[in-house]
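What follows is a single structure, and I will ask about it in a moment.
Chains here go by letter, A, B and C, matching the order in which they are written, and residues are numbered from 1 within each.
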């Protein structure tokens, strides 16, 4: 009886292992040395897009495990036109630049805000989506302006452009309770903290904030008129992959022209919000 | 002579544990090394078994040298010599995770390649003689001290050694049981023509079992004689003093 | 105020939602079990070697084993994962994501098991070795037939502890983008803006640890026949 149980368990685990092997997408690991220039990519026949698949609505998974999202669909269309196979590699957002520079992925394409600091490390495509760092509060909080947040707690996602935008405003940050924003792993956690009343406001990408608010009910939140600045999303490449950047830019431009980009936007946002 | 020990000396750092000890043991003879604790008798025994290495001296078992004037034969030879020496430890050192039968069969089967059936038959034979047959499938923790000792004896004897050594065989037993073990030891010597070397501080036990006695003090043999004469020698002050303690 | 039919409707809705989550979470469980199984199979024998290294007669091997244990136990597993996957390629050593996980986890757990086994081996009475020696057993036989079975019995409770910790430590592989159970739940939580997937993931962890606890308990019982 005992032996049977253990045997059964071992069998189960072994099956799991093999099932897992079969189910896993064969994402080929790219040796860093080979990655020089666009021609090398064409020779290889595929590109690897790094994304955090926890980023709804830009990149996430359906209940069936299918990878979807605005950025995912856009990337698929771009590389279909470039006749390159596209593979998506889930990464942890905090490791994104490390993944890029070590050659594990060829680009970061997942609501990646263009900032001056990042521009020093990566080569960006032309911006394709406008974004704001919005401030979200609860209706009953009575908070209407940035000034109302003096001495209060503000949440955001760690390693995000929201975090960067908050701390860039030194006077605002210094006036916060604790002198710093509270950084969470995901925006979802920041929202839950806001609902629990432990933080008074959160700062997030408008694109993502609107998705959450849409899911949770528009009446439950207030987005302040003031914001932490307008930004734009771009695709991040390794510096030196300028030909790839150029090809992606040209293709994106063509997709804006012929309405393909607008179509993808309508699927996820209900309207065309792609940069003209 | 089954066992010849000539001039063995064993030092631990600065201390001399055994000093220039010599004796021999005939077939079927029972010899007791007696003395107070710290007299060096256990160290002497461990040297003869090959568990410790002597610094000087010669040990020959059944014609095979273990060491000659402090120089040991190679590892393979040591194993051959050791095969001729059985040991019953003071606390028996049975393997707690193996049954009585498995304890006895382990070495013949695993080391000497005896068939399982043969080893089992042999083991059962010993257990029968030692009145332990019904404990064959028991584990050591289920046995009394005396039973454990008899299992240890069976485990040593199944390899058919020439010499069997007992380290303080009575220390874990009550007086009645030591009488029994004395009988078992004598029987082994007589029936199987086995030579027996006993380490003990128990004078009465030595007197009852041994044919010959060596009395040790500070690592040296200070008295030696046939049991019946040595213990009766009222004039020997040393013996009398030890006996009265 | 909700009526009973409303309440039932909500319950059905929740059950349907959880049911819909299962395929994604199950694929997370597969990754979790893969990491778990490989780590266990690799780290326990490795741990025995580490323990033997720590107890080696050669000073240099003892020192090396000590250094290894110090480095591995003295740094977070997360850091080791990052170092092996991202750091080693800098000196030309490239491992795939899953291999990096296997290496980091096995090396990490081997250090902990090594210390557990070292304690177990050291606790075995000297007399057991001497008895084996007198019975003519080789060092290998002595270790495998006499010492190891006793060490396994003595260290089983401590090993069981590590096994349960391992189930939960598997969640650290998120850092390399591997969608184990917790990450799979996070994806669903972010998509559907709800905590429910995390609760379901928690239940999955509890089921896994319950199963392993039971198996380990039965092993302990199996070894309880002596002492």
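Basically, a residue touches a chain if its C-beta (ideal position, glycine included) is under 8 Å from a C-beta of that chain, and two chains touch if they have at least 3 such contacts.
Model, not experiment: these values are computed from the prediction.
K.L.:
Using only alpha carbons, which chain's centroid is the nearest to the whole structure's centroid?
P.N.:
Chain nearest the centroid of all protein C-alpha atoms: C.
K.L.:
From the centre of chain B, which chain's CA centre is farthest?
P.N.:
A
K.L.:
Roughly how far is chain A from chain C, centre to centre by C-alpha average, rounded to an integer in Å?
P.N.:
One centre to the other, that is 31 Å.
K.L.:
If you average the Cα atoms of chain A and of chain B to get two centres, how far apart are those centres in Å?
P.N.:
78
K.L.:
Would you kindly tell me how far, in whole Å, the mean C-alpha position of chain C lies from that of chain B?
P.N.:
Distance between chain centres: 48 Å.
K.L.:
In the complex, go through chain B and note every residue touching chain C.
P.N.:
Per the touch definition, chain B meets chain C at residues 49-51, 79, 82-83, 85-87, 89, 91, 93-97, 106-107, 110-112, 139-141, 155-156, 159.
K.L.:
Provide the residue numbers of chain A that touch chain C in the complex, in ascending order.
P.N.:
Residues of chain A touching chain C: 2, 5-6, 9, 13-14, 16-17, 19-20, 23, 27, 29, 31-32, 50, 52-56, 60-65, 89-92, 94-95, 98-99, 102-103, 186-188, 191-192, 212, 215-216.
K.L.:
Name, in rising order, each residue of chain C that touches chain A in their complex.
P.N.:
Within the complex, chain C contacts chain A at residues 20-21, 23-24, 27, 29-31, 33-34, 36-38, 82, 86, 89-90, 94, 96-97, 174-179, 183, 186-193, 195, 211, 214-215, 218, 221-222.
K.L.:
Report the residues of chain C in contact with chain B in the complex, numbered from low to high.
P.N.:
125, 127-128, 130-131, 133-138, 141, 145-146, 149-150, 153, 225-227
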